[in-house]
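Paired with chain B in one complex and with chain C in the other, chain A is shared by the two complexes that follow.
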Partner chain A sequence: MFQMKFVKDVMKFVSVCDIFKKKIMHETQNGQEKRDGKAGNALKKAVFCKKTRREQKCGRKMSIIHFTFSKEFEYCIFHWEESSMKKFLAMALVLALCLTSVAAMAEVNISIAHIGPTTGPAALYGLATLHGAEIAVEEINAAGEFKINLINEDDEHNVEKAVNAYNAAMDAGAQVILGNTTSKPCEAVSAVAVEERVFMVTPSASSEAVIQGLEAGTYKDNMFQICFTDPNQGLASAEYIVEHELGKKAFVIYNNADVYSIGIRDTFVAKAAELGLEVVGEEVFNDETTDFTVQVAAAQNAGADIVFLPIYYTPASLILQVAAAREYKPIFFGVDGMDGILSIEGFDTSLAEGVMLLTPFVATSEDEKVKSFVEKYQAAYGETPIQFAADAYDGIYTIVAACKAAGVTDGMSAEEVCEALIPVMPTLTVDGITGTMTWDATGAVSKTPMAAVIENGVYVIDAE
Partner chain B sequence: MTRAKRNRLIYNCVTFAVVIIAFIVLQSMIENKTITRALKGQLIPICCWIVMAVSLNLVIGISGELSLGHAGFMSVGAFTGAVISGWLLNAHGMENETLRLVLAIVGGGIAAGIAGVVIGIPVLRLRGDYLAIVTLAFGEIIRNLVNVTYIAVADGHLVFSFLKKNVPEGARMLVDGASGAVKISKISTFTMGFILVLFTLIVVLNLINSRSGRAIKAIRDNRIAAESMGVPVTKYKMMAFVTAAVLAGMAGALYGLNSSTVVPSQFTFNQSINVLVFVVLGGLGNVLGSVISATLLTVLPEVLRAFADYRMLVYAVVLILVMIFTNNPTIRSFADRLIAPVKKLFGGKHSDKGGAQA
Partner chain C sequence: MIFLDNLVNGISLGSIYAIIALGYTMVYGIAKMLNFAHGDVIMMGAYIAFCALQYWNMPPLVSLVVAMAACTVMGVVIEGLAYRPLRQAASLAVLITAIGMSYLLQNLALMIWGANPKSFPGSMINIPTISLFGGELKITGATLVTIVANIVIMIALTAFTSKTKTGKAMRCVSEDRGAASLMGINVNQTISITFAIGSALAAVAGILLCSSYPTLQPTTGSMPGIKAFTAAVFGGIGSIPGAMLGGLLLGVIEIFGKAYISTELGDAIVFAVLIIVLLVKPSGLLGKPVREKV
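Showing the complex of A and B:
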């Protein structure tokens, strides 16, 4: 395909040059003499500069093409320099044509915008997805064929700012969006993007409303997730606990002011009842809660041997501290929000010993791709990547795989790219570092969940 | 015409002129498609924040009370507006977007107004900073209340509950607890935003310059003197406070219907303080100042996107610099000299203090 296009472009260029040559002949016949004026020299210089810059840009491939054309090219310019402005413009047009066709021959340029909270309370997640995406982009750009221009816009985990960030990214020429990192901003942005026909892949926005359409039972066709939806995490957790016989009596502590937490809790409790796992009690808290004595005591008094925590890592760390103080040692089972608990500053990681979490990505995995990703990440950012980084890394690879499958070419508008990518997504299978992923038309991903357990201060894959 | 009246007229004319000219310029930019996407996306939020700032200015600058829960009224308006619009669309099949928007805005205003009355009646009878404390608590209460509120449309009826399990299966959720208002059909328009700003200016400027407005200002300047002149303090304070609440509710409805989702955590104490910053920076009691500062401070963080992670730092520095410069006597007198010719145009003899604080 690529070779064919290359040859086609060359042919096109030759024919253009031929037309020029004929025209020049015609004009000299009409009595116009070749002259070497000042303007001519200046133009010659300009052409030379452009030429060298072009060569630098496109590398060796370009210089070969250039040699074949240079004679005719300079000939054209030499003769046209003295003619009118209009003709000069025509000349520039040919140059531009030449430049763009050469670029297309080398690689496909595509602008991907990462939108996530790189400042504010959710910055840890936004920075993780940004860094993960940066590593993927570096790898793809080094491999050639695709040249990704990564744009980053901060949404501060705020709905209004998220739409602003999206608009800023589109102004900057983004064709595909990798984002948003968090659910609510993603819901707001995807509602705009589905109308404007912009293709979106979210690494980690897990609520169902992200992929659902305005009407009941409809889905946004342009929106695809790399992570599990919240209900699926609840289902998978219950299944995993029952399958591996981790406990008999489960207790749930969740945040009833957080959509994420409620979503997982609802399906977990439903699935647990179905599978015969006894839920002996539940306790709630909200964003402002800092003392978890009541919740932990309730779990202890209920005699629970497994405590399910569908919450983020900050409250989870406080729960672990209270449990340690009360010498209460059940199995704590978390979901992807638990990822990051080991990187809290000032947190005694020995407290997290034995904590399990459902996650598609474990940094200590022996898998070659995961190893290489973790090494690069540590070298670049000095920390072990969390699941969000891995999701974003896979997100970039998914977009590129889709572009490849859809035959996306240079200079397509965001809308054209979107329409090209939508039909190929359900046919795609991406083997990423968070598992082998396939999608259905709704935009939800299917991949195998894994459980990790914290041992000696690192996540390891649960051996059972 | 006395000089005070003339100054007031100039001030009001300039205020309206600024807003109308800005609208015409922006509207023509939209028609010509020369506007950037980033600016276009911010137009409706800017209108909302202008209304918020002007209405808060009425409470703080004109009636001299401190309100720290203005975002709470906006929240009430936003969720009421979303429910009204969703109910009219899903239960009554009303397709006319403009009519739905107007009804939502009016409904949002009324709901916020009721909340304003409920808070104002006990608190505005007291002296001291009680209003600040109560409005602060009000904002937090509203946020936590919405977190456990479920409103849905089922079989053409509106279902309201504090427990999700009471909502029948398959109902169209309008407010889904902590998820906030979900799947809103976006119907806000810039034109409606402009109309709302104009409406706010007409209401606020007329109130300030009316008999009631003079009473409100008299209470602000000296409560005892005003009381001894027979001015009913609570009544006039209520008038300013409830008017501000209604306008904030209207702004909230417009804001809510501009996004596909609204979360209660958007309307926190921080948001109230943000509006307070608009008012203080624009000048207490200065309506045009509020309009300008709300616009600039909404656009500024977006303009500073080039600074990436450091933009809020730059934003803070800009705030401090503006504060220093607007209070610098040399710069103020320079600004007055610039304004003087405009005043002469209207027949004024002297240019006193400038700024024409109504």
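Showing the complex of A and C:
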């Protein structure tokens, strides 16, 4: 922590000097011209005297403009030109780093910044990722070897605020970013981070644009996802439905005003065609829609026995209510956006009975690691963790595993850490609570999807 | 059968628009102002009914009365604080104030109840779904109640404005505010009463809206509000039967457009029909043409 701040101060100092140096060069030229025109000015004489004194002192020719600045700056620039300052600073820096790393011995300090919406409309997700990360950090710090300093910055699920939050996190000395929680802010921050060479792992920003580079077909090398990319959810859903023979005739209801929904729908339909799952029809809606009678009636009239809903839980809850009123009982199959349907206040959860969703994490799992995580989470925050919390927990462990593999040492800059971690990511296999994860160079994760089914108002892992 | 199914769905949606449109048209007809905060009063009414049912465990009818009372007070307060001082101002100023009030109410709801959507309990209207033709056609209890409520409110409002003294005063104010006040009618009080009735209707509309489409969030009132305003204009703004007719037609057109043409173009079709109607009959279906003296 201390040395990071020190390095920052030095960097700031050097850049300030640099700016002044340029300014000086410029002004010196102008000044020279003026002087030539009006020689014999008293003021200039005084300045000249001073200058000579300086020259005598340091034995080197200095430009006159130095004296127009305050005493402190003169001094900085004077030393700068001597070029001894830089060396001295570098040495001091090395010394400081050596001292602190000797003091800390084997423990590697690393600052990770969590950036997510901890207030505002998406606070549910941001708080979940923060809490999940906090539990992982606590465990890792207790185990020794790594000492994580978790910084939290709020992006309010807002693109502009996300970039500010990122800057604030970097000023606070962050070396790696765990974030952002939601896709749009993550796209904005990752575009800055790829330029500034800061390593990012997002727990839950699932859009493809998060990992895509500025040019089509390229990918950001510093950006890795813990959750599935949206299109992969469509693929995995189609595969799961076919593999487990959930239905013969599929119907898709999606939000055509939402890239998330469209992205999943596109790959689902393509994969379904490839696997021989018949898609008997599709209907759309938009963010303002509250009347779903037409969409549900169309599915019912088409005789669909499986309705794929690549949408968020609020419209899904309305669709379920319309279907119940029409006594239409297909299997409803959702993706991660469906997670949360059971926590809508006032919602009759019996309507969601039998709804399936593709999810990497189920809190009721019998897995030892999941159990321990859920227990700790409940003890600390009094609620059952959702998928986002589990993603963030795995995110912290992934960062630590990568640091270990890359041999990250104390006091490396964010850029050094980034360059060290990028090559090791595709070689890693992390066995987390959301599954066993591997990554390719694009930053997309691959892990086995699980499907949960809602039974008696809770998610349980699909028995098959 | 699919046609009938769609027709029922259309009437069900249309009756919701109609009941909101009644509130719009009532206030417009008398106060001659577009109360764009109407949709948000509906949302507030629905939230209050939700609280009464879920948190205070009141029976449905008591919840309805609580919501209506709260909305009436809200309507009168809004009118007194925001619209009355602008009585002499340009109508545009009042319109903008109404939009501001709409945002104020939305953000107030966001502060009080948060952004997470709530699901409106089905226990509010406890009438079973009616199955016709061996279960092929289903009419939900909420739809039946909405249609009945529409008819009752329409008849009651018409009777009120034509028979009672206050109702007659309202019509006077609507025709000529200056002359009405010369005849000894308290204009401010009459307009306050109009807002009180309009807001009480909003509470009823909110409960019916959320019983049919049970999601409740701070923006719940805005889109139905705009659609209902369209319905009111469609039927002839200021006309009480016109609001009902406009609402029902709008709902049926929307559902048919979505079912037979495209769900993507559903809203576009609705507004295209509105434009055509207004081109042919600028005062709306049942509106009275107003001649302007030049």
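Criterion: the second predicted complex is superposed on the first by the 361 of 464 C-alpha atoms of A that agree within 3 Å, B and C clash if a C-alpha of one lies under 4 Å from a C-alpha of the other, contacts with A are read in each partner's own complex, and residues count from 1 in each chain.
The working rule: a contact is a pair of C-beta atoms (placed from the backbone, for glycine too) under 8 Å apart; a residue touches a chain by one contact, two chains touch by 3 or more.
If you're wondering where the values come from, they're calculated on a predicted model, not measured in any experiment.
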Partner chain in contact with A:344 - chain B first, chain C second, else both or neither: second
First, second, both or neither for A:219, with chain B first and chain C second: neither
Partner chain in contact with A:317 - chain B first, chain C second, else both or neither: second
Which superposed partner A:146 touches (first chain B, second chain C, both, neither): neither
Which superposed partner A:381 touches (first chain B, second chain C, both, neither): neither
Chain B versus chain C as contact partner of A:294, first or second or both or neither: second
Touched partner set for A:256, first chain B, second chain C, both or neither: both
Which of chain B and chain C A:118 touches, first, second, both or neither: first
Residues of chain A contacting chain B in one complex and chain C in the other: 256
Chain A-facing residues of chain C, complex: 2, 5-6, 9, 12-13, 50, 54, 115-122, 129, 135, 138, 140, 213-217, 220, 223-224, 254-255, 258-259, 263-264, 266-267
Sites on chain B touched by chain A in the complex: 36-38, 40-42, 45, 144, 147-148, 170, 172, 177-180, 182-183, 185-186, 259-263, 265-266, 301-302, 305, 308-309, 312
Residues of chain A defined as touching chain B within the complex: 118-119, 152-154, 158-161, 163-168, 170-171, 184, 187-188, 191-192, 207, 209, 212, 214, 216, 256-259, 262, 286-287
Residues on chain A engaged by chain C in the complex (per definition of touch): 120-121, 124, 256, 283-285, 288, 290-291, 293-295, 297-298, 301, 314, 317-318, 321, 325-327, 344-348
